[in-house]
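Look at the two complexes coming up: chain A is in both, with chain B in one and chain C in the other.
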Partner chain A sequence: MHAFKIDDNMLDALKELANIGIGNAVTSLSQLLGEEKINMVIPVATLVPLQDAPESLGEEEIPVAGVYIKAAGDVDLTVLFVLSLDSAANLITNLIPGTKGGLDQMGISVLIEVGNILTGSYLNAVSLMTGLNLLPSPPQIAVDMSGAIISTVMAENQLIDDEVVLLRTTIRTMESRIDGNILILPDGGALEKIFSILGLR
Partner chain B sequence: MLGKRILITDDTAFMRMTLRNILVKNGYEIAGEAEDGVQAVEQYMIIKPDLVTMDITMPNMDGITAIKKIMEKDPDAKIVVVSAMGQKALVIEALNSGAKDFIVKPFQPDRIVEALQKVIG
Partner chain C sequence: MEDNTIKVKIADLAVKKNEGVIVTVGLGSCVGIALYDSVNKVGGLAHILLADSKLQNKNESFNKAKFADTAIPLLIGKMESLGAERKNLRAKIAGGSQLFNFQKKGISIGEKILLQSSVS
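Moving on to the complex of A and B:
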């Protein structure tokens, strides 16, 4: 449980904040890829028991590439960008034409930078809307089962509440065949501050 | 712009490569590359570039701190920030620390060239 009850209005507000923030991130990705259109599923905000969070992306046994960035400042939250390995390869070959899209040093660097730019755009938008200062740490990357990556991120966040809010969307590009998931994990203290700013507490 | 020497600072190889390609294509010379603020400060004193491009979010030493340290050593240093973080407070801090311009990623190549031309020609 959190120190306060999270109701549907609060989840709805988080969803809208994510919609705008991730929308900005997707715009940045579109500019990076030179693509006109990237489809984005309207974000879903759910309250999930801590032990169930690793299953939130489904298909736990399939390895994925995950780039995550912890933002600190006025509030703490983590943004995680997850791609299938095929999508990661397509992203790499799109940005470095002529390469095979492998996860060598340069390929990893591409994923890290894309994660950096996506997160930066998201944090810039949230900061503008809420007035909060959100400063990211350098991105981390992991190639593992999605459940393991989420577990790692949660462990590093030292989440103590027995529920966590997950904000999730799926993005899909047309030309480059890139499917990705963006997860935002705010910690309990972040939620209280955000809800207060939004007038919900 | 011919002969102007640039020190590129970014923790990702991909971004250093991207900037390198843009700058070389537009006639700039790459004097060096740094992966973090520590390397940027060290290399600045050795290379004495005409301009530094500086990322903000980096390990070991962030870009704002590096800007301040470089400006302490050389108040005439020319530094342009190139970062994914475009929050107002950060932009103001970078400019107050001595940066001449602030470019938010992703960027069009023209934006980089325009910024450098304005600062060093």
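Moving on to the complex of A and C:
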């Protein structure tokens, strides 16, 4: 359990924060892709039981590529950029024309860099809005079942709460057929700080 | 999935006597610990997220299946109540992978869980 009750107002505020932050991140992605149009679903902020979190990106046994960035500084946040393997290949071939989009060293490096740019823009926006100092760690990538990636992130962050706050959005590029998910996991301490800055606590 | 299949989620455990399947997916750095008493036909499976329940505030009730040091005694206890005997138990362990290549000191979360899992 969290040290305090998270109400709908708080979830709304998180959703708005994510909306602006991820909006910025998606703009960066669009610039990378040569101003391609990207549809972004309005982020959802939910409080889910820890046990259901691995299913939050749908079928947990589907192999995906996940770029994981942990931001520290004033608060701890985890950002996960998850792509289906098809979308990962499309993203790679789009950015390095002539390649097959395989997950070789170059492909992996492309995904990491895109994750880095997306997360950087997101953190920048959140930092500007809240005044919090956020320092991203170097991105890490894993290709595994989506459930395994989410559980690993929860274990790495030593999430002891029985409910986790998840901010999630889906993006879809119009031409290059890239479907991606952005998942943000703030830790309990981060939420407390963010809510007090926003005057909700 | 068949009716006889129990799915164990993350930070969860299940036991079963006689016929049936207990399954868990997406371990990642979590550790799955399966115990089986082939004499009394009792099996159990735990999907453990974290190593040590000291992380948890002890004053509150908490999910014992989440931590290695509390999940295994709980798993064995539940199996014993179905008729399993400790001397027959055989364990198989999976998971504990290091999905992300962190440049950090010390042991991985998977190794931590395994270290905490040893029960006498």
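The criterion applied here is as follows: the second predicted complex is superposed on the first by the 200 of 201 C-alpha atoms of A that agree within 3 Å, B and C clash if a C-alpha of one lies under 4 Å from a C-alpha of the other, contacts with A are read in each partner's own complex, and residues count from 1 in each chain.
Following the convention adopted for this analysis, contacts are C-beta pairs under 8 Å (C-beta built on N, C-alpha and C of every residue); 3 or more make two chains touch, one makes a residue touch a chain.
Just so you know, these numbers come straight off a predicted model, no measurement behind them.
S.K.: Identify whether chain B and chain C fit side by side or clash on chain A in the overlaid structures.
M.R.: fit
S.K.: May I ask you to decide whether A:Q31 touches chain B, chain C, both, or neither, giving the answer as first, second, both or neither?
M.R.: first
S.K.: Of the partners chain B and chain C, which touch A:I117 in the superposed model: first, second, both, neither?
M.R.: Touch status of A:I117: first partner only.
S.K.: Could you look at A:D162 and tell me whether it touches chain B, chain C, both or neither (first, second, both, neither)?
M.R.: In the superposition, A:D162 contacts chain C only.
S.K.: Which partner does A:T152 reach: the first (chain B), the second (chain C), both, or neither?
M.R.: The answer is second: A:T152 touches chain C but not chain B.
S.K.: How many degrees, to the nearest 10, separate the directions from chain A's C-alpha centre towards those of chain B and chain C?
M.R.: It works out to roughly 120 degrees.
S.K.: Measuring by CA atoms in the overlay, how small does the chain B-chain C distance get, in Å?
M.R.: Superposition on chain A places chain B and chain C at a least C-alpha distance of 7 Å.
S.K.: Using the superposition on A, tell me which residues of chain A are in contact with chain B and, in the other complex, with chain C.
M.R.: After superposing on chain A, no chain A residue contacts both chain B and chain C.
S.K.: Which residues of chain C touch chain A in the complex?
M.R.: Those residues of chain C that touch chain A are 9-12, 25-30, 49-50, 55-56, 60, 62-63, 66, 97, 99-102, 109.
S.K.: Over in the complex, which chain A residues touch chain B? Could you list them?
M.R.: On the chain A side, the touching residues are 28, 31-32, 95-96, 105-106, 109-110, 112-113, 116-117, 119-121, 123-124, 127-128, 133-139.
S.K.: Note which residues of chain A are touching chain C in the complex, please.
M.R.: 1, 50-54, 60-61, 68, 140-142, 144-152, 154-156, 158-160, 162
S.K.: Can you list the chain B residues touching chain A in their complex?
M.R.: My answer: residues 11-15, 17, 57-59, 83-90, 104-106.
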